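As written, the chain order gives the labels A, B, C and D, with residue 1 at the start of each chain.
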Amino acid sequence: MNYDVILSEIFAASLALPTNGAIATTIPELATVSPDKFGIHLTTLDGKDFGIGDSNEKFSIQSISKALSVAFAFTFLGEKVWERVGVEPSGNPFNSLVQLEYEKGKPRNPFINAGAIVIADILISNLQNPKKDFLEFVRTLSGNSTIDYNPKVALSEKNTGFRNAALANFLKSFGNIENEVEDVLDFYFHQCAIEMSCKELAHAFYCFANEGKTREGISILTPSQAKRLNAVMQTCGFYDESGEFTYKVGLPGKSGIGGGIVALLPNHFTVATWSPKLNKKGNSELGMHALELLTTKTGLSIF
Amino acid sequence: MNYDVILSEIFAASLALPTNGAIATTIPELATVSPDKFGIHLTTLDGKDFGIGDSNEKFSIQSISKALSVAFAFTFLGEKVWERVGVEPSGNPFNSLVQLEYEKGKPRNPFINAGAIVIADILISNLQNPKKDFLEFVRTLSGNSTIDYNPKVALSEKNTGFRNAALANFLKSFGNIENEVEDVLDFYFHQCAIEMSCKELAHAFYCFANEGKTREGISILTPSQAKRLNAVMQTCGFYDESGEFTYKVGLPGKSGIGGGIVALLPNHFTVATWSPKLNKKGNSELGMHALELLTTKTGLSIF
Amino acid sequence: MNYDVILSEIFAASLALPTNGAIATTIPELATVSPDKFGIHLTTLDGKDFGIGDSNEKFSIQSISKALSVAFAFTFLGEKVWERVGVEPSGNPFNSLVQLEYEKGKPRNPFINAGAIVIADILISNLQNPKKDFLEFVRTLSGNSTIDYNPKVALSEKNTGFRNAALANFLKSFGNIENEVEDVLDFYFHQCAIEMSCKELAHAFYCFANEGKTREGISILTPSQAKRLNAVMQTCGFYDESGEFTYKVGLPGKSGIGGGIVALLPNHFTVATWSPKLNKKGNSELGMHALELLTTKTGLSIF
Amino acid sequence: MNYDVILSEIFAASLALPTNGAIATTIPELATVSPDKFGIHLTTLDGKDFGIGDSNEKFSIQSISKALSVAFAFTFLGEKVWERVGVEPSGNPFNSLVQLEYEKGKPRNPFINAGAIVIADILISNLQNPKKDFLEFVRTLSGNSTIDYNPKVALSEKNTGFRNAALANFLKSFGNIENEVEDVLDFYFHQCAIEMSCKELAHAFYCFANEGKTREGISILTPSQAKRLNAVMQTCGFYDESGEFTYKVGLPGKSGIGGGIVALLPNHFTVATWSPKLNKKGNSELGMHALELLTTKTGLSIF
């Protein structure tokens, strides 16, 4: 595969598409980003890097962090993680409280906000220095020690995160939060406020495509665990557009309202895109297009 | 009507009924009350008082306060109150978040928790000293200056009130809370922590039965406003048992999980009961029995 | 009370109001009625009749029939009726299937379609000649032997009644329909297709205001039963606008999508209005206005 | 891979597991099957067949037929199929009406009953002899002209299929059914009543694993279409246990309440299992176990 050529083609083709998306405004600090940013980075398992556009510019990874936090929790809790959060797609928007009420406080999966908040609670309960340790974990995954939180974004989320505060308190009322709500939200808002470039994301998710091992060969997950987290990304990674993404792209992946998407083909490559304009379901419009073109052009997908 | 005799009869008959109810345990401080307390007090519009059992013992009025807070908001906002909260029965438990999501943050009525929290927000926005002023209002209604908050109960609610914190944050996320969530909850937990006896409650609700005027003749509501609040109590006063209460008792009223119920027959009487054992819907079991017997025996109901 | 003057005033005042309502189009045969029809008829318990406008013209009573069918079922089953249908307001549109699923096939009340279909099933199971016997019952209530079904309307409903067929089959799947779905729907579509004038409706509901006795003195319901059905009309008679109607009008009543409304003040009067233009909730817009004006002007309501 | 040995091992290991499942009783005719039946058949793309247990005994394929009917519709409508049915997992039981109401009659995916009924309607509208033509299609897929409907099962479903009748009428009320409800249900009940053995199923799904071509080389779907239907099976094929199946097994597949499951690894194999005892979600308990063991033992999954 000549990925250089392919990325150029899908980059150009995506830019040529008419778009209706809009930048997320729910978190004021995110709304300051230029809506025209667009980058793609693909890393093959044999270690080659292919980037185009703004692929080296850092942005707020937001919900992409949920795949990293659940992986971290998985490393020390294993299958016990699923006692407090499920692996089923939700069929509802990412921040819905409805389903949580019918299911008595056990979130459907770790990628809706409620589920990620429970995972945050698990991390806090199990880590010495939660925010520091999590950052260390992400740096190890990506082999990059410069990755950091953006405290302004974390603060901006805190000041406007009433829906997340509602979810956390709701979970607490069901007994599915062990720590103080305030502490859990502080961790959660920080985890979402990590900044990474497309390249750094493609590197960080390398272990998911590589049976659990990082580019540096560090074993993070067992092969079975890596497969299983890919499976959860496949069915739940794009909120109530997960089916559409699976249908059109056919790769496990995770999106964030900062405009980033990361996806991967097991044993082949990881790929990350960034374009801040979101469609109605909250996923990056150009990113979805680009990844659909990628699997269409290459004929490579898990199906 | 010989209410002395009638109260004696329904008091005895209620006590003779087999009960399955249990005292509320969600608020630890409330769980310390003796479950065997039982009192009834009836006040006629011509000023006669009839009490039996523990009718002079103070208890936590809890959600009964919602009828008083919406009345207070009504006095200065009038019909504008309904721009932020509806008058429709909810068909859901008192603390459900589901309906709120479908209806975009406008609570169905002022007697579900979400609605009462919005009313609390309205009071805070409109009062100089919200907690002091509200207490003053309740004292005026009942003609009794000793009525007060129980700070231990308020604190107990705060420490366990995660569902209410979820509701308040959820409302805030929809833009239907103007003040700080913490301040609104502090007021709300205090309002619910007011302590009154059956007699004091019967006096406080006198104005609802008396076209808006207190026993002392102070005009609180217009006749039309009093009627309208009675109507809301009729359709919404007993959570998702409002239809059952209307069916069996046929009087407007309001219950609280402290075990109190207040009801009234316009132009005739107000009546308050207290027994802490609650049925599955969260309403006082003996109180419901007693009021059903009252309207059955007297043939007096609004229908 | 000079009801002649009052009716004239509210008739004129209602006509002067700006309206946004539209005639029901879901049943084609109903859509042929002139939208400008408007009539009011009030009957006092001492036997006086007051009519204005098109008060003697017959129209399709539609859901108003639900109050008559549940009354009929009540006469032979008594409280056992409520084993198969509840008395709680639904908080949902009249033809919703959602709540039915959560509550395992027991409709919330006899005035949503699901509930009325269960009542129809009860009548079929208990009557020799269901359609003939029910018509006889309505004729007795109103003291008028000319009242009849409109077979064209019944057929029109059958041909377009897929939502009702869905409800009936859904109820059957829960075991809450005993007879053939087709037979139950045939009865139900006929009951809704009864035609009556405002005057005839006011007469038919006389017994609800008169402790269960018709104008001719025939005892249909016990006083307690009449009160209880009034209570159900109060909390559930206007779909998810029941709270609004109770709030603004303060009388038990029942509406139909043919544009009719009947309401009553126990021990005083019954009143029926007809204007085919419906508001968004499916209730007659002018009728709601007229009845609100009636209770405002007279100060007469149950509250 | 020595699939003979692997099948023997997982067959024995599955039988050794404690089971809680129960045979489906909703369709009386299905309840007559012996609950102890258990068979597995695996067909590799290079044409080898491996069977064990009752793998040659025919059973009612039930909802497995939904994958075949949507494939058939896909062959002549292409992407237009998705104008009337979605590709998102539902997060609700297979026969829920709730979601359908919120989404105004467009079923979430073709594998919940509502979606399959819409597909049935599409087939009827597009086929000369719907039942005959569909059977022909299935026979072509499997290369087996003996496959047939079981009319007794179809009749049994019709006589008890009130929930499906509710769904079909509900869809019709939203305008998402073009033909007579009765005709659509007749087709749907027949499609579910097809009988096939594990071996025949593994053959029929060969084209999904083989880029759209049957074992005989007949081109049914384009490679892209085959991938896309696999994607829908992956996210939606197991009702509200789709996430669990994806997590544990990691293969696209489809289950039926007759106890059958079919799954496939693109470019490698198809596999079918049959054991009539179902878990609480309506999927074959032993079948789920066996397929989980298969991918665990072989390390083969799409992730």
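Here, a contact is a pair of C-beta atoms (placed from the backbone, for glycine too) under 8 Å apart; a residue touches a chain by one contact, two chains touch by 3 or more.
This is a predicted model, so every value here is computed, not measured.
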{"item": "Most remote chain, CA-based centroid, reference being chain C", "value": "A"}
{"item": "Distance from the mean Cα position of chain D to that of chain C, given in whole angstrom", "value": "47"}
{"item": "Chain centre separation in whole Å, for chain D relative to chain B (CA means)", "value": "55"}
{"item": "Separation of mean Cα positions, chain C and chain B [Å, integer]", "value": "32"}
{"item": "Shared interface positions of chain D, touching two or more other chains", "value": "none"}
{"item": "Chain contact topology (line, ring, star, complete or other)", "value": "ring"}
{"item": "Chain C-touching residues of chain D, taken from the complex the two chains share", "value": "96-98, 101-102, 162-163, 165-170, 172-173, 181"}
{"item": "Parts of chain C lying in touch with chain B, wherever the complex brings them together", "value": "86-92, 99, 108-109, 223-224, 226-228, 230-232, 234-236, 240-244, 246-248, 250, 252, 266, 296, 299, 301-303"}
